[in-house]
Amino acid sequence: MDREEFEQIGQKRREADAAVEYHINVCTSSGCVASGSAAVKESLEAEVKARDLKHKCRVNGVGCLGLCGSGPILSIQPEDALYQKVKPQDSAEIVDHLGQGPVERIELKQDNAFFQQQQRVVLANAGKLDPEDIESAMAHGAYRALYKVTTEEMYPTDVVREITQSGLRGRGGAGYPTGLKWATVAKMDEGLKYIVCNGDEGDPGAFMDRSIMESDPHRILEGMAIAAYAVGASEGYIYIRAEYGLGIQRLKKAIRQAEKMGCLGKNIFDSPFSFSVQLRLGAGAFVCGEETALIASIEGQRGNPRPRPPYPAMSGLWGHSTLINNVETFANIAPIILNGSEWFSSMGTEKSAGTKVFALSGKVNRVGLIEVPMGISLREIIEEIGGGIPDGHAFKAVQTGGPSGGCIPEEHLDTPVDYESLRALGSIMGSGGMVVMDDTSSMVSVARYFMEFCMDESCGKCIPCRVGTAQMYELLTRFVNKEATEADLTLLEELCEMVSQTSLCGLGQSAPNPVMSTLRYFREEYLERITPAHEPA
Amino acid sequence: MPNKVKVATVWLDGCSGCHMSFLDIDGVLLDIADRIDLVYSPLVDNKVFPDMVDLTLVEGGVSSVDDRAKIIKIRKHTKLLLSLGDCAITGNVPAMRNRYPVAAIEERAYIENADVNQHAPNLIVPELLPQIQPVHTVVPVDIYLPGCPPPGPVIRDALVALLNGEMPNISPRFG
Amino acid sequence: MTNTITIDPVTRIEGHGKITIEINDAGEVTNAHFHVTQLRGFEKFSEGRPFREMPALMARICGICPVSHLVASAKACDELLAVRIPETAITLRKILNIAQMVQSHALSVFYLSAPDLMLGMDADPGKRNIFGMYEADPQLARNGVRLRQFGQQVIERLSGKRIHPNWVVAGGVSDPLTPEARDAILADIPEVKQITLDALKWFIPMIDQYREEIKVFANFPTMYMGMINADGSLEHYDGILRIVDADGNHVRDIDPRHYQEYIGEAVEDHSFLKSPFYKPLGYPQGIYRVGPLARLNMATHAGTPLADEALKEYQSLAWEERQSSFYFHYTRLIEILYGIERIEELLNEPDILSEHVQALANVNASEGVGVSEAPRGTLLHHYKVDEYGGITWANLIIATGHNNMAMDRGVFQTAKHFIDGKKIEEGMLNRVEAVIRTFDPCLSCSTHAIGQMPLHIELKDQDGTVLDVLQRD
Amino acid sequence: MVRPIEVAPPSDDKRWRIVNATMRRYGYKPQALIETLHAVQESFGFLDDESLSFVARRLNVPMSKAYGVATFYHFFSLKPPAKHNCVVCLGTACYIKGSDQMVKALSEAHDIEEGEITPDGEFALLSAHCVGACGLAPVAVVDGEIVSGLTPENIVKIVGERVSDGS
Amino acid sequence: MPVKTFKIDGQDVSGREDETVLDIARENNVFLPTLCNIEGLKPVGACRLCMVEVKGSNKLLPACVTKVEEGMEVTTNSERLQKYRRMILEMLFVEGNHVCSVCVANGHCELQWLAEKLGVDHTRLNYMFPKKEIDVSHYRYAIDHNRCVLCTRCVRVCGEIEGAHTWDVSGRGINAKVVTDLNTPWALSETCTECGKCIQVCPTGALFKKSRAVGEMTKDDHFLPYLKTMREVDNAE
């Protein structure tokens, strides 16, 4: 396929879209589906049909529009109006108002920080394209980067260099430089190599990857294919939680369409490069987010992590060199290839380039999915984008990084969001969950909540994690019940240190983080729960 | 005569084997009679725990509300508390009952395996705790002497060291 | 209105119990009880365990007489195997069991009861113990320690461990006797024999000083139960289990496997220790006693020369006289003498060093009962197993249990006689404890106790409501 | 030549064809275990000894390994499912907004602990660590549908209506 | 094969590049506690007892799976390591129901021995007293899960050496448990060859012969290296 043929696919679709005067883009991501967007879409379609407006107006299902807390959400193009909390009975009014300005009653104003302060790279097309239609995606530029690397000027080494220079770091949590990882796999001896996309988003309070997979699946496939081209792999796996039904369905569809279109499979775009992708469903094990456990799971085994080294880059799936990146990391690849590493590294901070998607939730006025440049302060995210704390309560802490992260108090709200700064505060970037807590939340309970999570999710292979999490949970329960002693506090702190130092994998090593960070910033809440030891009878 | 070291021995939920092992120091018990004063023990008649005791050896885990009250009180009146044997330190065999609710144990003993007046005793007898606990989970313990029971010579060496004002050097061995 | 005196803990017994004495306004004792305040649940938590673990597990019931439990338990397990076990293993088990009796009796007599007997019931409570005795008569105290040590050393030389050995196993014993161990034990025999003879010489003249105690220390007619040989001599391992009536007449020989037809267990609300009774007579009429007093009241002769002589002297006392539990002490000393002689005899048996000491088999029966004569009396272990040998149910009747009713009644008898509710003196209370000590109850066996409260007196009205508590702390 | 191993499905239930198709797609390789277990659970609702044994043999996976995998992943159930179920999300956002109280309320209303099924098999109370609908917190998944805007009171009512209508 | 020279506790040592720090430590009589590791079976790095400090790395490394490297400086017995090791043993003691006194392996148990060796005389952790099962269904062998430390030696010896793979781990976390076949009673296992290797490699009294009473279950795992060597010899032909 030559460039012209390739470009025509998208071009044709863009023209077809332009021929229709109004587009009603209804969010069909999980969040809005849960609040009833399917019925809204149906009723809108019915209204359009009833008025015989098919030539003038089309109702599209699109991906996530971000403000999940206000769903169902839809947008009217080209007016660019947003409606929130739409009910099927609003449909007639919406259709009637086309071309006459928005229905103010349900309009979602965009003149606030939530819309103004975001910078969308990964989510650039979320909410714009139809995730179940590859042509819609191509109309928005999908596979352009893949086309560029496979058929034009870029050698695999060029691709690796571009990614390295961009400064992109793993979005799964630890922030390992993506280029370095790619370079390592690229340098391994030739032979079978694998690309694995980690879509096992298991952190409670995180739904970034889910939204990306539901909203723009082709962007992930494209990123994986580029990676495969760069490191010399020919097979890829997407490991996705079985709970993500909609994401699975859309990715399956996307793979089928991409293969049909020649964007995946044998001789992609008629080049010598071949790459196929398969889905593998997780089955409810958070630890499978750890890369060696994930590999074991793809191999059909228990998701037990194994010691590293050897790293998956050296010995991964079935002993072969394997590149594992997370969904959001792959979603960043195509824009970097298209716009260049300089463009990417100009966003964010020096050490943390680009943007980051966060799932903002908890006790905050505007909850939803946001994408912001790295380096933005926590305060901007919570107070401006999130619109502050509801119901007159005061901010207490923001939890980042899920069960591996920590709770950050008010005094550190001006910290810029980047890998190093969050780590210095005793938390981590993590995959992007950001849960805001107000003055009604007990930090000891929060710590216990995360410990319970880690205890339930521990694979049980190594002793410190298997037993240590259960022991810490028990100790935290004593604190919650105000039955703890001084000795319990000492023991809890010793366990935190010991479990983090001796556990086999990241789950165990980071399991004490929520406890350590709450002990660091909210120690008085622990002390308040200590009863004087051994009251005489 | 120098001041005698005041020693107490108490017995919670154990089998008395540790006390017997204490007696297995045989003649040494009489040899050190001029250096220790056994002020409270199943072996002597004092029924009130003295104001302050230098060393208390405790055998057995904490099994009933009486045990718990007793050990809390003893801790307040003793300088050094030594957990003697596995039952005090780990719960050991008596703690095997912890896997069952007290009611199930009473059911077996007083209903299934009884012929007359089949029900659990409920007067004067103390309430049993749902689980037997090691002594140090109830009060702080200073020295641990594991074993089932700790052999007589080990107890002897520990006692002699303590009488000489030294902390005993114990090579712990459960079981 | 009723006053209640509580003696808590009862001291110088193996385990802790509580005594309550109720006194009316006239200062008369109206009731008294002995309470055991701990329950341990061996019968329950042994469920699921492989039967071969039972002897060592069940031995943890008691650290004073672990060997008795080992033996009874192993005998129950032998029945599960349903095989004949080697003769040498039986002999070795017998020696171990007797050695256990020697050390336990020595403990009871010298460490626990001699202080009362030697220093007097009203002596300073601070001196009434082995140390006080050592001050008064160093040699006697050392002799007592030596006797107990002998018993413990025999156990150690046979089994490798003084307390909680695991040597007795289903089918026999785990290791044969070494010639060195045999010779070492035999070398000690003359010394300990002499010590025991001296002890009898010390004890017998004292009897006259305790006429009053003898009269009321659980002195009433009861039946007796214990093991005996067909020829009427003493047996502690595998004799006939016999019941005699209060006049010493033979009532019945019991096949241990059918013990449940003859022995029932009653629960009293105020004690964790159950009260076994002779079923044909019902509860509480079926009261009986076990232990050295029972055994020696039943036996025609001991079966060893010196013990035969000593027993003859004891039996010269009238039958009625021998109903007093005070004579537990006396009979205990005779049994020590018997034990030492018997150990010597058994060690000289020709096959004693045989290497064939364990019968190997798998589980062949679903139920087994094992009986041994523990120092304190008949000990009974009864297990049921599933087809794989996992324990499904267990019942234990331990020596002290058999005596529970007699102890309870003895406490009342003694309290009534000695206690004047208007002016309570320590020595009176000590006598109430001393009656318990005669039985040498081993409360760690299956239950045992400790109370946290010092002596206190409760004033109750007729409905039992506590009106006032006098605390002596 | 090696005689091919023929392992027949436990019965002629048509659903085994779906399971077999999954295994065939992966060339009956051991690595297809998890995918196959998904297929079994989707077809039969749960995994029993019979199906585990069949899948293990057909894929040449040791039985203990198949059992180990089936019990490692919480998505798989070895017990028949209840007629109705409610999965309360205990993700951080939901937890902060009191979803644990919802579990408690349901637990009390139906007299079962979390993770249990009512004795009549009508209702199962489950929890999830995050269903990924944090924007709507607190949420629950009732018979497969995400329900939001919940309180301990109304979740009991919502579930109660479904369980009692006998459908 | 290239040989690397490095230091263990200041002592100069050398090892082939495919050898582990644990191999070389043992070769040089440096004691490192291990529980999951056993010569002849694939190391899994699970028990974390053999962790060592390596100069220049802020992470502790399990010696059993850490390959030797030129110039590395290994510390095997720092105060910190001792503290962590004791805590690991304490964790095992509270996780199960280890009643040493009445265990068939009393006196022959690696957990008991390690506690003695590392000076564990009590644990501050919370005893969990779990209700675990005992399977005595097999006519020769039995497993008491109360005493299992999940070292997976039985799983590995059964899979790697005997080739039966009767054992595996089920469940996860604190609820993990070794099972035979589909968690079927051992007696009904279709795959067990009754070879008894699992009994011999079990470090505690979890797996034992039913003919053994308390304290009688001695373990003999000397056959393992021999089997492994013979297998290599046989396969080389």
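Letters A, B, C, D and E mark the chains in the order given here, with residues in each chain numbered from 1 onward.
The criterion applied here is as follows: a residue touches a chain if its C-beta (ideal position, glycine included) is under 8 Å from a C-beta of that chain, and two chains touch if they have at least 3 such contacts.
It should be emphasised that the depicted structure is a prediction, and the values quoted were computed from it without experimental measurement.
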Shared interface partners, meaning chains that touch chain C and chain E: B
Longest centre-to-centre distance from chain C, chain (CA-based): A
Central chain (distance from its CA mean to the mean of all protein CA atoms): E
Best-connected chain pair, where connection means C-beta pairs in contact: B-C
Chain D and chain E: spacing of chain centres that average the CA atoms, whole Å: 34
Computed distance of Cα centres, chain D from chain B, in Å: 50
Centroid distance [mean C-alpha coordinates] between chain C and chain A, Å: 74
Distance between the centres, which are taken as Cα means, of chain C and chain B, whole angstrom: 22
Numbers and ranges of chain A residues touching at least 2 other chains: 285, 302, 456-457, 459, 487, 537
In chain C, residues with contacts to at least two other chains: 57, 60, 164, 452
Residue numbers of chain D (touch at least two other chains): 65, 68, 72
For the chain D and chain E complex, residues of the former touching the latter: 49, 52-53, 62-68, 71-72
Interfacial residue positions of chain E with respect to chain B in the complex: 93, 97-103, 106-107, 109, 112, 115-116, 119-124, 126-127, 129-131
For the chain C and chain B complex, residues of the former touching the latter: 7-9, 11-16, 18, 20, 33, 35-41, 43-45, 57, 60-64, 66, 107, 111-112, 125-126, 128-131, 134, 138, 141-142, 145-146, 148-149, 152, 162-164, 264-272, 274, 277, 279, 283, 393, 395, 430, 442, 444, 448-452, 454-455, 472-473
Residues of chain E touching chain D in the complex: 155, 159, 165-172, 179-184, 190-191
Touching residues (chain side chain E, partner chain A) in the complex: 44-48, 51, 60, 62, 65, 67, 83-84, 87-88, 91-92, 94-95, 124-126, 128, 149-150, 169, 171-176
